[in-house]
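Chain lettering (A, B, C, D, E and F) follows the sequence in which the chains are written, and residue indices restart at 1 in each chain.
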Amino acid sequence: MSVERSAIERFLYREAHLMDNHRYADWFALWAEEGPLTYWVPCNGDDLDPKANVSIIYDTRTQLRNRVARLNETLWLRERAPRLSRVVSNVEIEDQNADEITASSNFVLVQLHRHVQHLWAGSSVHKLISAPSGLRIRSKKVVLINNDEPLPNLMFLI
Amino acid sequence: MLSGRNDYRELVQDDRVSGRLYYDAAVFDEELEKIWYRDWIYVAHESEIPEPGDYVTRFIGLQPVIVSRDEDRNIHLLLNRCMHRGNTVCQSERGNAHAFRCAYHGWTYNNRGALVGVPYAAGYDGSFAREEYALARVPRSASYRGLIFGSMSASGPGLEQRLGNAARLIDQFIDLAPAGEVILRSGVLKHSFRGNWKMALENSVDGYHPNILHHAAMMLITKGRKVDMEAVFGEHTDALARDLGGGSAQLDLTPINRERGGRVVPHGWSAMAWEQYLDAMQRRWGVDRAREIIQVGGPHFCIFPNIIFILNQFRVIQPVSVEETVVYYYPTMLKGAPDEMNQRRLAETYLIHGPAGRVAPDDFEAYERNQEGFRARANEWLVLRRGLHRERRESAGTIAGHETDETTQRGIWRHYREVMQA
Amino acid sequence: MLSGRNDYRELVQDDRVSGRLYYDAAVFDEELEKIWYRDWIYVAHESEIPEPGDYVTRFIGLQPVIVSRDEDRNIHLLLNRCMHRGNTVCQSERGNAHAFRCAYHGWTYNNRGALVGVPYAAGYDGSFAREEYALARVPRSASYRGLIFGSMSASGPGLEQRLGNAARLIDQFIDLAPAGEVILRSGVLKHSFRGNWKMALENSVDGYHPNILHHAAMMLITKGRKVDMEAVFGEHTDALARDLGGGSAQLDLTPINRERGGRVVPHGWSAMAWEQYLDAMQRRWGVDRAREIIQVGGPHFCIFPNIIFILNQFRVIQPVSVEETVVYYYPTMLKGAPDEMNQRRLAETYLIHGPAGRVAPDDFEAYERNQEGFRARANEWLVLRRGLHRERRESAGTIAGHETDETTQRGIWRHYREVMQA
Amino acid sequence: MSVERSAIERFLYREAHLMDNHRYADWFALWAEEGPLTYWVPCNGDDLDPKANVSIIYDTRTQLRNRVARLNETLWLRERAPRLSRVVSNVEIEDQNADEITASSNFVLVQLHRHVQHLWAGSSVHKLISAPSGLRIRSKKVVLINNDEPLPNLMFLI
Amino acid sequence: MLSGRNDYRELVQDDRVSGRLYYDAAVFDEELEKIWYRDWIYVAHESEIPEPGDYVTRFIGLQPVIVSRDEDRNIHLLLNRCMHRGNTVCQSERGNAHAFRCAYHGWTYNNRGALVGVPYAAGYDGSFAREEYALARVPRSASYRGLIFGSMSASGPGLEQRLGNAARLIDQFIDLAPAGEVILRSGVLKHSFRGNWKMALENSVDGYHPNILHHAAMMLITKGRKVDMEAVFGEHTDALARDLGGGSAQLDLTPINRERGGRVVPHGWSAMAWEQYLDAMQRRWGVDRAREIIQVGGPHFCIFPNIIFILNQFRVIQPVSVEETVVYYYPTMLKGAPDEMNQRRLAETYLIHGPAGRVAPDDFEAYERNQEGFRARANEWLVLRRGLHRERRESAGTIAGHETDETTQRGIWRHYREVMQA
Amino acid sequence: MSVERSAIERFLYREAHLMDNHRYADWFALWAEEGPLTYWVPCNGDDLDPKANVSIIYDTRTQLRNRVARLNETLWLRERAPRLSRVVSNVEIEDQNADEITASSNFVLVQLHRHVQHLWAGSSVHKLISAPSGLRIRSKKVVLINNDEPLPNLMFLI
């Protein structure tokens, strides 16, 4: 299969839109329906083995579903959720084969919470498959520029 | 002069404390002096620097400290400040180095702190004694079960004396390891909030909030399983809130763990791992003691002012300013336990804690709402009277209350008042 | 102690004031104590919370306040701070709620502030009186024509007494409504600047700057129309700058409005709307009084320390720190007036004011240049002598000067010196 | 008519360039020459009815022309205008029909004024028509992440 | 009161100084008072404002100053603050203006500072004397070889007396110009760091660090050329570190320059440019003196508290807060020298200095590490004893040490203690 | 020769990736192998003649090589290098002729150094040639929004 960069961009923009608007369920629907999933935000560096080191996020399918449920249920988030707006850019197709596309991108995310603006920045690598319903995420890795710094609450999708 | 400004007998009363203690910069400065630069402060665990030359950098209060292990495996607590003009000599939070070289003029210190290199030495004559220019040391340091503490005060009670009742809880935590040791080498989660450090300490032994503030996490725990969280953190729990003395406090889940056979055996374990672990424990401790240890499980407690033991993790509180704080979460591995078990401990840490965990963010949101609320000054009091009528003094001199009671906070504050009023 | 530091008789003189009053943090702290936590502070308008359960959150000085309407339609000013440990209990700036539940331990208060829910109540025995744990109230609150004021001081002059001459100007503003009420339910513009709050208050009644600082806006107003702005804000205007006493002040455009038939009839109105309005006004007030009200039009004035009435809008000053301030602009609708007219009032507000308006940004740029200028200390004085020679005392005890004169500023500062020196 | 995303991007980049450089008249020339125009920056939320609630900006053609004139004339802006640089990304065509294209995008705008850097972030929806002279703006809505927060002067085009 | 807080005899000793001097806000406030608002401060060079109406804006301490040249070519140092309400009257850092008009109410001042325009003048009667409202002047100003200094203190030693030994080094710097003048009209690099201003001053005459901290730059200099940097900044250099008195200090490279024939003739010059320059110099100075000037080359020194002369550039230190500082680098052109030579001077400035230069970033990283290190308080001292045993007093009353010695820092601190203790 | 915008984007994304990761040598390899090079970051404004005024950076080939060597050698940078993540956007082809493409772009760069986040923003103009090995940089000009403000160390590639 062969996919254009612009198709990947459209997909990532769509994902960004859902994340910015806390549409947890719709975002979860962007993930592959079958097979193992990984949603990884490394900690203390960009590549420490998540089996041997803490991660900021390291979710398989079950944990990802739990994360979405947790965000959905949290009452205080309904009282005051962070406002988000992110630009996704530098989208590149790193690799593409029969059943998987690897795409990298950078983002700058501006968060407003409790009247304070906070800036998140980093890069992502998506492994995508092309399902009948369109592209789907098999794994996603987000490298935060400050993943070895103290972070405030990350109670949204990144 | 500062203590002149604040009367801690007035600000800290038996059943209430003033919000001012959380936002007044003068109070914070005084805390640095009387707590952070006087008391024993946890800095690191020996297993973080297993090899000669290994080091980590930490802070005691606001002061940067290098914790290094020398070639003789001795541990040193050194101030991270060049003795020439004061540059930091170590820039990394962890690593291995036999020497620290200051970038500015190249003065070089070994990992014992000794000054071993001075460029263009002719600039200093005989009156210059290198021994006088070794990196400054933290005046006192000591370890207990591998936990390294430092004190910026040259005098005061010894570490074990200071630990008091908390010492046996450290044992309880570490004895879960078949090899009798915990290992901290799985990284650290760093989580910050805009609020005062004491909120994180009090919260760690606050048995009143979990079912309410953490309702979403509880929903996930109970979902499709018959666990009654009310019987753990709620009204009809058998657990206890305990004032250990010296500002240390505990949520004692032993009664519950006994029934459940101990927290250390989460559901969904492979039978094999369980067998392996049981076997290893029995070989070390004998059958009965092993069962006892496992049933009682890991303790949940804090040692004033900066270290907390919860589930599988060490949690460390780092004040930054009167209203900025960082909390560090270190997952601990049980030496001699099966990998499956340790991986589970690791996962529990990042799934539950840190900025994106299932539980911790609730507390951090609460801290920040608290700091906001403190701006209202018409009534400055925080109420700590919960359970005053039903707590009881125990033989060990500790005080035990219902798990949801503020016996723990009262213990923290009694100690605080004592040291701050001194 | 603070007042010991600052001698306001020295800093505030009859014809000049010191720049220090705008940048010294100690002055700001003293203002909180002697002005913001003592005087009557405007917090909200009743029409913002029309229904039972409606609330808005505001600040008095730096303290967070909930303004709520209970099921009996009574209004309450409550501190937004849980009586347990101090979390804010309300997170939103506006909404409808019959109860406020604290997220931390679930203490719940009704919109009267009463503590109505305490989880795990067994933790508190009979000695715990819930009445003692109602949300703290703003000690005094009162309304005038729907404007809600609060005072953090339990004693002091009543609201109407404090309003003094300003009261009839509030009437003048609101009597323009055929139904005798204004409605604030069209949102709010929030505009911030890096500068001291007093600059925004002084500027609101500064008749000297408009034609100069706002030249671009004036260009748009006059472009292709024969309006002589010089006859409004300039040398040959008949308008007056008036010191109302008590720190309140006015730019009185009545003379001009009379000629023009009143500001409330902007050109380009549909005749029908005009007829409708006139008719409604006459039915309420009778022909002559209606004409009088319309001709005189809306007043332009400020009430010390934080509310300003200009054109169709309430403007509220919110200090944040000694050099950070927020200004809120609330468009007001005239109850009983035709929609066309009210939409015009709405449009005038956002077209002219706020961060992207045609006029306000000029003032805000000036405030920030002012704060920059205050860094020059060789000469610390701001000169307030303009028109000293041509102002006259009026029967009402007020003082009137030429529209471009600093009579208004002098009035503000005379009051300021009085309360700060107290 | 059918327009490529890349054409929309070029147009939005062009618009951004003119806004960054305070080229008020050239920017105004990007708007449709006939018919009603709307330039809307909502306040107190993302979608309150501008007829019933204040907006940060709510301009029709006349007011838009006045805004441009005001910016042009303001002397203090000539003494010291804010410096601007914005990235526009996440460009998506939301809808496209015979006479109108609806395009959404996100932006991060860095402003420098009086030695202070300030960050603006949000998303925009453009309704565009295709005129002989190229794409033209019929309406533009800008949702600021902090549209319910106190804002400093917004004395530039956004 | 402040001086009561800090005993500078204690904090500044002959061979060490306390880190507190770099981070204590009270020390910084006292420095403003006793150094920045009392001493002669370099503000600009006459060649920056060559034409009538030209101006630049600068700061003396934290106060904004306009340096303007009037129609009679006289130079004025004016505070950038409107005499009416205090707005800044000039917004640009450089330009040409015959008048400064305040945007707020239009008061207008000419470039001498005189108040020449007041809108709606009728608001002021005869008692209003415009002369009293001229822009405030910097109490004293004076020039030396085109360098303009200002003092916020009306009394004190004259400029030349204050310059002392530094005056002849300014001559040495400027005499390299065949026309006897330097020209600063090639812009300025602005470089900031989070640290105390004094570090930048001390560093400018610190001959100990270059080969170590700047090793990468040295590598580029020496790469493929036989230059022995050890013979310039190292152990076996013939250069000297000199305390000039009054807080001024020098790294005297004369001995080296003599051998090399003077720094001003970098390798790789065109013979023609060299001829031209030599010829021009000889025409002005005569053969011997010209050779002398060229051989000795440009001096490397600092004048307390804020100007430094290195290579081809003026470097100016601007404190922002106790731990924020900006350094400005102005390339200087030699009037009458061939363009090739001046372009080379320009390139040397931006290639070596500024935020992306080959050398300066090393120092700035060191400053920030230093400020970090100051957070360690167990030992507060910075050691200044290097070379104490081998420095010697010279006839001029100056003190000379080995190039790598801290003779220079000791000189700076001796002066600092004197003025701060006063 | 004719090059698509998307090819330019890929090239600029690649360059950004190398700069973010301090891959100095690989980045240097993106420059043309022959002919004069210019790497210019103007100072005190956007266009002052670099022959008569200081620049923040004004490198020809030799100086560019020296810059790369200096960054490579600096020991303290190895102890603690800034962490970088930038989004490049608003890529436009300004001009294109037989032997040269002129492309403009905007960027927002988030830098983390010594636990402090710092934001860099501005626009770039690349002059590119198309070599057998692909696009190569002949000149690059970076206009920083704050090029007349005091700047912290710029010890990375921008």
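We adopt the following convention: a residue touches a chain if its C-beta (ideal position, glycine included) is under 8 Å from a C-beta of that chain, and two chains touch if they have at least 3 such contacts.
For clarity, every value in this text was computed on a predicted model and none was experimentally measured.
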item: Interchain contact steps from chain A to chain C (minimum; 1 if touching); value: 1
item: Chains in simultaneous contact with chain A and chain D; value: C, F
item: Chain at maximum distance from chain F, centres defined as averaged CA atoms; value: C
item: Contact-richer chain pair [B-F vs A-B]; value: A-B
item: Most distant chain from chain A, judged by the mean position of its C-alpha atoms; value: E
item: Rounded Å distance between chain B and chain E, as computed from the means of their C-alpha atoms; value: 49
item: Gap in Å, rounded to a whole number, between the CA centres of chain F and chain E; value: 32
item: Centroid distance [mean C-alpha coordinates] between chain E and chain D, Å; value: 46
item: Residue list for chain F, restricted to those that touch at least two other chains; value: 6, 75-76, 87-89, 108, 119, 149
item: Interface hub residues of chain E, defined as touching at least two other chains; value: 91, 103, 362, 365, 372
item: Touching pairs among all chains present in the structure; value: A-B, A-C, A-D, A-F, B-C, B-E, B-F, C-D, C-E, D-E, D-F, E-F
item: Sites on chain D touched by chain E in the complex; value: 75-76, 79-80
item: Footprint of chain F on chain E - complex, ascending; value: 93, 186-194, 215-217, 219-220, 326, 329, 331, 343, 346-347, 349-351, 354-356, 358, 361-362, 364-365, 368, 372
item: Residues of chain A that touch chain B when the two form their complex; value: 41, 43-44, 48, 51-58, 63, 66-67, 69-70, 73-76, 114, 116, 148-155
item: Residues of chain B defined as touching chain E within the complex; value: 62-65, 79-89, 91, 103-106, 119-120, 122-125, 127-128, 133, 136-139, 152
item: In the complex with chain E, residue positions of chain C that touch it; value: 19, 208-209, 212-213, 234-235, 362, 365-366, 369-370, 372-379, 382-383, 385-390, 402, 404-405
